[in-house]
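Once you scroll down, you'll see the structures, which are given as structure tokens.
One chain, chain A, links the two complexes that follow: it is found with chain B in the first and with chain C in the second.
Entry: the complex of A and B
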């Protein structure tokens, strides 16, 4: 007891000194409380108050992030690790959350719903908190808390409206699949804790304990842990939920689900691989092998199944599974140098997907459908939307002069460098699969202009294109995709 | 004398029972029960291992957080299953298949 009393003041001092490093997340927590208050009280007088509270919250969080740039520190007894990688990742996350919030506000503006929209913004803020935590930690306890915070918020976002049968089915599939994956991950974490007695996955005690443990048990525990990460990333074989949930959820929620959670999970996976592959133990190689195999299967499965989809949201789900494969490839080569390439690809992915969902949402509001067939002949009526959509398709394939091309080029060239320096065959297999699947993806992305411009519409409805805010955001994101595609140094120089 | 091994064997058994309940897929509530069993087997593991970690009590702390988070996700799960029941009048996952390839 005396021991505790002696260290208590030191401990308290340390905790107090660490609080300033927690500012961006602290801002989100405060705004979360304000958002609840706004939903309960002020929404009656002014319907948009909770929306503006959360927008202000993201902006505050972003600006309290800026002082952390180029000042790597750690706080709360090593629970938080703040470096440039996490600062940039959180910047991308906050930006994507801001855009998703505007999507939600625009999507439900015209609809009369019994549900209170303010709660959705509140839940989105907690999802942001979980994501931010995921990027700044190397401790398994905090990783688990962050993943659960994010997962529970996502379940609520998908199931909150339950307007029709499909939405509640998607929510149920999501919550059951997700809870099973996180339970399996928890069991794996408990095994890791038992082998090492330490929860920090970068610490030497952790790595030594894993090496000393029986090889079979370590492998099982690692596979269990990767189950939880794999669910968040939706790589094969944990992708089964993604198409159903993406199709069933409201379109702005799908825009959130397909972009932001992946940023957090990829950062975590990159940290794990960096910590384990630099230590020359067998499970470092095991991790590399696992990620290589999963990346190849994910790229192939995602792009091949996307070919025969007719629902636009379902197609985007498989396309994002395919992109997860590319992201895994980028994770694999990230340890060689700085994470600039990985961050660039993440940024490109987020921009492209948000723009694509902006157009899908705008079209859904005009035609009421998300099937590819319903786009037939609309190209002449809504030239702005479909021109933008086609360019985003080009970027998603990875053709110049777009940001998708630069991202893929950077990832390919660093994988090729790795292959030349080590001569390992898995890297060559990754390269071949990546090139092949990019060609495959051309066939389904080009269905969009094919239906819109070349197929005739069956009826002459008079739905003329009015320019809404969501289209404007889509156009801005598209021009960003182009601008960064032509001048990639603007973004790369920032990450360096 | 009850050793660590006994705890681990019990927790593996509970985990497998939970996994079976999930994979049998008869009823959404049964899946949630299976998930709860799996989480509790992990909690048992954590507490058993935590006995050897007298410095930080990492295992016990982890177990507490795991219990709280499991309760939260099960609460959300039950609410969602309720809304599914209102739409479909059944909670058998095999009958709820509007979304598929």
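Entry: the complex of A and C
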């Protein structure tokens, strides 16, 4: 008894000491509670109270992140690992969540809905919590909890506003697909735990256990685990839900889904890859092989299928699948302990996608449609939106002078460096695929200016181009995309 | 801010002004564009007159003039080394004549844009952005900077062809874009490869500086594109050769070479006249310039091995382009194919790797630059009046438009290589260079020179035949009386553009030293650089 009591006080001390490291997430939890209260009570008097509560929450969370910079530490018995990588990733996540929240508020401002918006902000906060956890852990158990928190929040976000059959179908598909993937992942994790008796994927016990286990079983377990991550990242062949969900969900929710969860999942994948590929055992090679093959297929499939899309949101879904392939390539070559290039590309990706969805949403509010054909001839009526949108397209292709180009160049550089030092042909294949898919992507991104500027539309409807907040955000993001494209060291210097 | 920066970014000021002015002042846009382009042309002319012809250029900084060197992006990328990207501009004998040519052709293009009425604001601002990019390409000495300008050039062109073009403009615009981008994304991979292979001897950092890439001593041992002990192979071809091939094709698409030329007729036919002028006058030269500045200077060893193939591609382009031109019924398509044929001479001259051949290639680029611009302008004149340019729809135009016929005849004779005009000098030097190549030992057989002369013969055939079909004989027009009244002779503005252009063709034909003097030491330096590997 005494023994336990002794341990108990030590344990309690450790937990108490760990709490300060948990501050940014703690802030989100507290604000989550406040947000519920605001939704229940104060929204009746002031409709925007829950919105402002969550905005303040993100700002607090962001500022409580800052002291953690350059202070690598761990807490809660190694469950949390705080390093610069996670600090930057959480910074990106919180920024993207903040922008998404504003999108949601703006999107539904003009719509009369029976649904209570406060719940959405609340759910977004829990999604943020899940994502934050995903970036600061190397423990499979916590990873699973984080992924589930994120998934369940995402299901709610997608399904909450469903008004017609198509949207309900999208939500249903998402839930079913997600549930199966989670289950498979959990099974894979249980196998891993069985082999190793340790859930920390960076620990030596874990790696030794994996080496000792039968090769077939380890391989199956790894593939199962990657299924769960693959669902969140929507790489091929776990991408099937993305287009339907992206199309069915309200545009701001799509903006959230296409950017933020990927940041968390990529960070996790990068940690796993770094932990395993630095060991010389076969599953390291297996991981490399798996990611290489998946990256190539994902880039090709995403970009090729995007060519055939007529709905802007569906097109963006496939475009983001293509970018996932590119991100996988960046993950593969991110040197351990120096994720600057990966972070740069993630940041570029988040900026570009948020800006793209800002414009899509602005156009949806003005024309009521997200079909590419509906953009015909609008370039002259809304020159600002479409000039910005064209710029984002250019950046998504990876042409200078935009942040997309610099990101692509940096990733190509790291892959090339790997090829030069190892001489492995798969890296060359990755490079060629990356270059080729940039050309392919030109076809569909340029459909935006093609319809907007090159095609004449029917001119009977007269949309007056009022500048809304969402357009302003889109323009700010676009100028960031442009500015960082010319002076990339502004952003890259930050990650040092 | 140096003169070159001023030259490059002057049009950007024009863009800003045009974008800021309200649409009620739309008539002033063309005057703003004209004013800035004249200023730019004056500046280019001033620089041309101040150029020290003794400077050798190519691979040493001291050989360049008007050099501007600022550090732009400095990043420590950990295992990837230090990133070193500079804002590095300079001109030598290769780039300065092309710079002056670009300023001149831009002026012509603005002059040809006088009758554009559709969305003037967008049109002139895009034209000015294009101007910035083109000037930047010819000045950039940092590969990264070069690439940025190279890609930025594509965007305004896409819109200029796509919005102001003809019936199949969407197709032509995207085709043009895809062809060029296809070449340039793979160029990007080679740039990355070069970056890792080359270090700056002063700082030890990896660099995008082109001049450092030209010096074998700066290559890291065992690097991908390294000179010494390089056994890297891609698909069984040595790494340096693959780098050369990729870069060559990226630029050859622009030149264009047969069989990668198919974007050119489409783009030309659909593009509005001013854009055709820029395409033929400047953009094709970007290809030739790229081959000289980058392929030849950075990969001289591979160039020496591959030059037989380059020559062959040049010959095929000359003959195939000329034969195609013979078969065309659309006047603009005919001139587009004649461009393919004439640019083949550029490639042949470069492939000869002799001083005569490379000088000839450069001279041919300059000469073709304003002659093809004049030809497209002349097509534009007739198209403006009756919106038709089908050769067989016109006959006996001489009596209706005597001045026009005069200009067309001079332009045709100048283009087909009549002695006394600039094209003759260019083609003659290319053929002399090719002929001498065998005795110098650069490996271009003499039959290629003979095949090249055959191209001149063919160009005489299609130009003279067209002259005969359209201008001589009894007046007979498809549109009848309506056309006859629409086809008025050249006005003052059109003559103001055409006269200096054709006068320049004559002037350079009589006094070629105006170009050769500034060109010579750079050419000799390049030949010396390449000669080490023969």
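Points worth noting:
Basically, the second predicted complex is superposed on the first by the 490 of 496 C-alpha atoms of A that agree within 3 Å, B and C clash if a C-alpha of one lies under 4 Å from a C-alpha of the other, contacts with A are read in each partner's own complex, and residues count from 1 in each chain.
Keep this in mind: a residue touches a chain if its C-beta (ideal position, glycine included) is under 8 Å from a C-beta of that chain, and two chains touch if they have at least 3 such contacts.
These numbers were taken from a predicted model, which means no experiment stands behind them.
Partners chain B and chain C, once the complexes are superposed on chain A, both fit on it without clashing. Of the two partner chains, chain B is the only one touched by A:144; chain C is not. When the two complexes are overlaid on their common chain A, residue A:169 makes contact with chain B while staying clear of chain C. Shared-chain residue A:399: touches chain C; no touch with chain B.
By the touch criterion defined above, A:300 reaches neither chain B nor chain C. In the overlay built on the shared chain, the residue A:494 is in contact with neither chain B nor chain C. Of the two partner chains, chain B is the only one touched by A:179; chain C is not. Angle at chain A (Cα centre) between the Cα centres of chain B and chain C in the superposed arrangement: 140°, in steps of 10. In the superposition on chain A, A:190 contacts chain B only, with no contact to chain C. By the document's definition of touching, neither partner reaches A:220: not chain B, not chain C. In the superposition on chain A, A:438 makes contact with chain C only, not with chain B.
Minimum Cα separation between chain B and chain C in the superposed model: 25 Å.
The contact sets of chain A with chain B and with chain C never meet.
Residues 141, 144-145, 148, 151-152, 155-156, 159, 162, 164-166, 168-173, 175-176, 178-180, 182-184, 186-187, 189-191, 193-194, 197-199, 243-244, 247-248, 305, 309 of chain A are the ones that touch chain B when the two sit in their complex. By the touch rule above, chain A contacts chain C in their complex via residues 335, 338, 340-341, 380, 394, 399-401, 405, 408-410, 412-414, 416-417, 419-420, 423, 428, 431-432, 435-436, 438-439, 442-443, 446, 449-450, 453-455, 487-489, 492-493, 496.
Considering their complex, residues 15, 18, 22, 28, 31-32, 34-35, 38-39, 41-43, 45-46, 48-49, 52-53, 58-59, 61-62, 65-66, 69-70, 72-74, 76-77, 79-81, 83-84, 86-88, 93, 96, 98-101 of chain B touch chain A. Taken together, the chain C residues at the contact with chain A in this complex read 73-80, 119, 147-148, 151-152, 154-155, 158-159, 162-163, 169-170, 173-174, 177-178, 181-182, 185-186, 188-189, 192-193, 195-196, 223-224, 232, 234.
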